[in-house]
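Read from first to last, the chains carry the letters A, B, C and D; within each, the first residue is number 1.
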Amino acid sequence: MAEIKGRDLIAYRTARFFNDGDLVNLGIGMPTKCLDYLPEDVDVWIDTENGAIGLAGAPGEGEEIDYDVCDAAGSPSKLRPGACCFDSFTSFGYIRGGHVDITVLGAYEVDQEGNLANWMVPGKTAAGMGGAMDLVAGAKKVIVMTEHCDKKGNPKILKKCKLPLTAAHEVDVIVSELCVLERTEEGLVLKELAPGVTVEEVVSKTDAELIIPEKIGSMI
Amino acid sequence: MAEIKGRDLIAYRTARFFNDGDLVNLGIGMPTKCLDYLPEDVDVWIDTENGAIGLAGAPGEGEEIDYDVCDAAGSPSKLRPGACCFDSFTSFGYIRGGHVDITVLGAYEVDQEGNLANWMVPGKTAAGMGGAMDLVAGAKKVIVMTEHCDKKGNPKILKKCKLPLTAAHEVDVIVSELCVLERTEEGLVLKELAPGVTVEEVVSKTDAELIIPEKIGSMI
Amino acid sequence: MPKDKVVSLEVAMEKIHDGISILIPGFVNVGVPETLIQGIIAKGSKDLEIISNNTSVKGRGIGLLVHENRIKHITCSHIGSNTETVEKVINGELSVTFVPQGTLCERVRAGGAGIGGILTPVGIGTPIAEGKPVVEVDGKEYLLEKPIRANVALIHAWKADKMGNVVYRRTARNFNQVFATAADWVIVEAEHIVEVGELDPDEIMTPGALVDAVVQA
Amino acid sequence: MPKDKVVSLEVAMEKIHDGISILIPGFVNVGVPETLIQGIIAKGSKDLEIISNNTSVKGRGIGLLVHENRIKHITCSHIGSNTETVEKVINGELSVTFVPQGTLCERVRAGGAGIGGILTPVGIGTPIAEGKPVVEVDGKEYLLEKPIRANVALIHAWKADKMGNVVYRRTARNFNQVFATAADWVIVEAEHIVEVGELDPDEIMTPGALVDAVVQA
């Protein structure tokens, strides 16, 4: 376990927020990595906003591909026994109605008020928000997976997001390769540290104000 | 044909507003009588607001009864080939969305502004409006079938409804055993008379102001 | 969610407390969860806030709750098919709020889908509009109708698998599908309970993720 | 409605005129009416107002309309799966309005269901809220989002009978079901066209009453 680090550590720890039987929506990219690190006694149901509950991963080599079944990236996927399909309108009704237990997304920026920016960098990207705004507003628990700093070393966990928001005051937990932060009424609390990481390192790489409790857990 | 009169005449004439292939919703009671008088070259699809298109009447003697299929009165009905079922939420989406060509209802009162009252007589009835308010607001064409006067001989076609309304300004056509009235921008126009009925008789039995054109057709 | 949600009627009734609000589907007496209603009668629960389309017919389904005076208030669109309900309402023994049938669907769906309200043309110019905000959109007036949710929903299914995936049949589907989305606890009675995997993903009308308990109807 | 709505692709294209608005379903390139889009390409129609979730992928489906510059404006939630669309938007060659995916569904459904608007919590505090009315209901703020309709909807079906009753398959259903409700003219392309009566009433997802033409996909 000790050698898990970086994105793998983020995925490993995030997957430990899942309870057996949870309905979980995983954003494109890093969030899907959580499935590689599911605890053995935890079986989650994967919701995909394009209209299914019960995705079962990509078809393996030699397996038949059903092109009518895709995940949120549009890639072919399998369905597990007990899976069901529905239309997009119904799907977002389930999402906004609070029927999804956990949604996991990446971030460009996230801040101490629980604001999230992950859909637009003016003048640079124009991908669109897809279903992210609905998912963050609707899911019971919102977990942001993110590298602690951007490629230039600048903090991504801020006092206040500067980029256009995906949603305001909706993020519950932030998991980075350095730590786990939980949003409370009082502010962002440093709950856990990665092995070998100090409070000082986290504070120095974080723009947001952090609440440092006496007892801090370990991510592993 | 000459012997058709009363409620039969109302049903006979109302059925002649149906075009081949129309999606038609018939209220409980007199409106369902229209099916007995469909022209031979007109095949309509019956919408029932409880969730089906393609009702095909009650099972005949000796026919198997499917208790999961009922009409808007809750009575067992058959489905025709090509019929489909859906839930109530979807059903009223179709209705309010203007997908129903014609809705036919009875009336306690109807007036020259196209207002309809058919769901409540304060202190006397408490049945509730059911789907009537949605149907009248949503259908492309609203036809009211009514006896011209109530049992005491008082006009039911008024200048202004006194009973609580089902909907305001939505009625397009009124068919009684005496005449056919069409609502226009200018007011209620006397379009057709029953055999043997005079303009004077209609006017004397109607509270609403009527526009009497030079040429008036016959209901049969 | 647990993988097997099948429980006895008695266990399912543990969530029914006096005074709670309950969504009960059915059109007249088609698609009504009669087994679960019998469970409520047997348990003796009372002071219930019922949201339904109507009250079945005299002596059946929701009509039993009316007959035994278990209902404190009912929100519905029509009671005409049950003469006993009409009598009790006229005599002031039962408190009722009438909601147009399509508006009832919209409001419950809004409750289950995180929608704060919907604008409908239905009821403008009628007594239904009294006390409700009127919002103008592009020159047309609409009533603002608010969401409805309940503590519990009772659902009648044709088939359900053990994890609660549900298939309804014909017009017995009616209010079941939308009512199953808008309660904190959803109990399904099913005519046929099957193994997980037996239902085709496209025939499932209510996902098991929305369902908390399954009872044999 | 006519009993047999099956027409050739060419006849179906008679309703496609330059400058009209068109609802086109599909998620990335699953459930996209590719045959009908090919028909538009062949006809040469242009200046189209497209409402879709995204623009397929480069060189496929809606991506063809992007590539050939047939689109005057597009309303969608995501274009990231098509690099050519992103380029054209960044270079100012294509005008786009982004709508959150769930809000897109709600708005089109409102358009097809006679709802004047819906109140959603989605977008509050984000750029999406700019210029939109905020309505407070029971102490919570919501955006008022208005209905969307179009002149034509293009639908991709798995099965359709000759009168236009439609069955979708798996996640290819996506936006097809709701988009089919909100256009003045609805054209369905179906992988399998069957006789009336062959489909079970409960498997039909879009009634033929909403459909105007059926084309072999």
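Methods note: a contact is a pair of C-beta atoms (placed from the backbone, for glycine too) under 8 Å apart; a residue touches a chain by one contact, two chains touch by 3 or more.
Note that this is a predicted model, so its numbers are computed, not measured.
Within the contact network of the assembly, the step distance from chain A to chain B comes to 2. Counting C-beta pairs in contact across B-D and across A-D shows that the higher total falls to A-D.
Chain A and chain C, compared by their mean Cα positions, are separated by 35 Å. Note on chain placement: the centre of chain A and the centre of chain D lie 29 Å apart, centres being C-alpha means. Note on chain placement: the centre of chain C and the centre of chain D lie 32 Å apart, centres being C-alpha means. Multi-chain contact residues of chain B (touching two or more other chains) are listed as 52, 79, 85-86, 92, 95-96, 137-138. Across the assembly, chain C contributes 106, 109, 114-115, 120-121, 168-170, 173, 201-202 as residues in contact with two or more other chains.
Pairs of chains in mutual contact: A-C, A-D, B-C, B-D, C-D.
Residues 48-52, 66-70, 73-74, 79, 85-89, 91-92, 95-96, 115, 120, 125-134, 137-138, 164-169 of chain A are the ones that touch chain D when the two sit in their complex.
By the touch criterion stated above, chain C contacts chain D in their complex at residues 106, 110, 114-121, 135, 137-138, 140, 142, 144, 146, 167-170, 173, 201-203. Of all residues in chain B, only 21-23, 43, 45, 47, 52-54, 79, 81-86, 92-99, 137-138 touch chain D in the complex they form. Contacts from chain C toward chain B in the complex involve residues 27-31, 53-54, 57, 76-81, 86, 89-90, 96, 98, 100-103, 105-106, 108-109, 120-128, 158, 168-178, 205.
Those residues of chain D that touch chain B in the complex are listed here as 1-3, 109, 111-115, 161, 163, 165, 181-182, 196-197, 199, 201-202, 204, 207-210.
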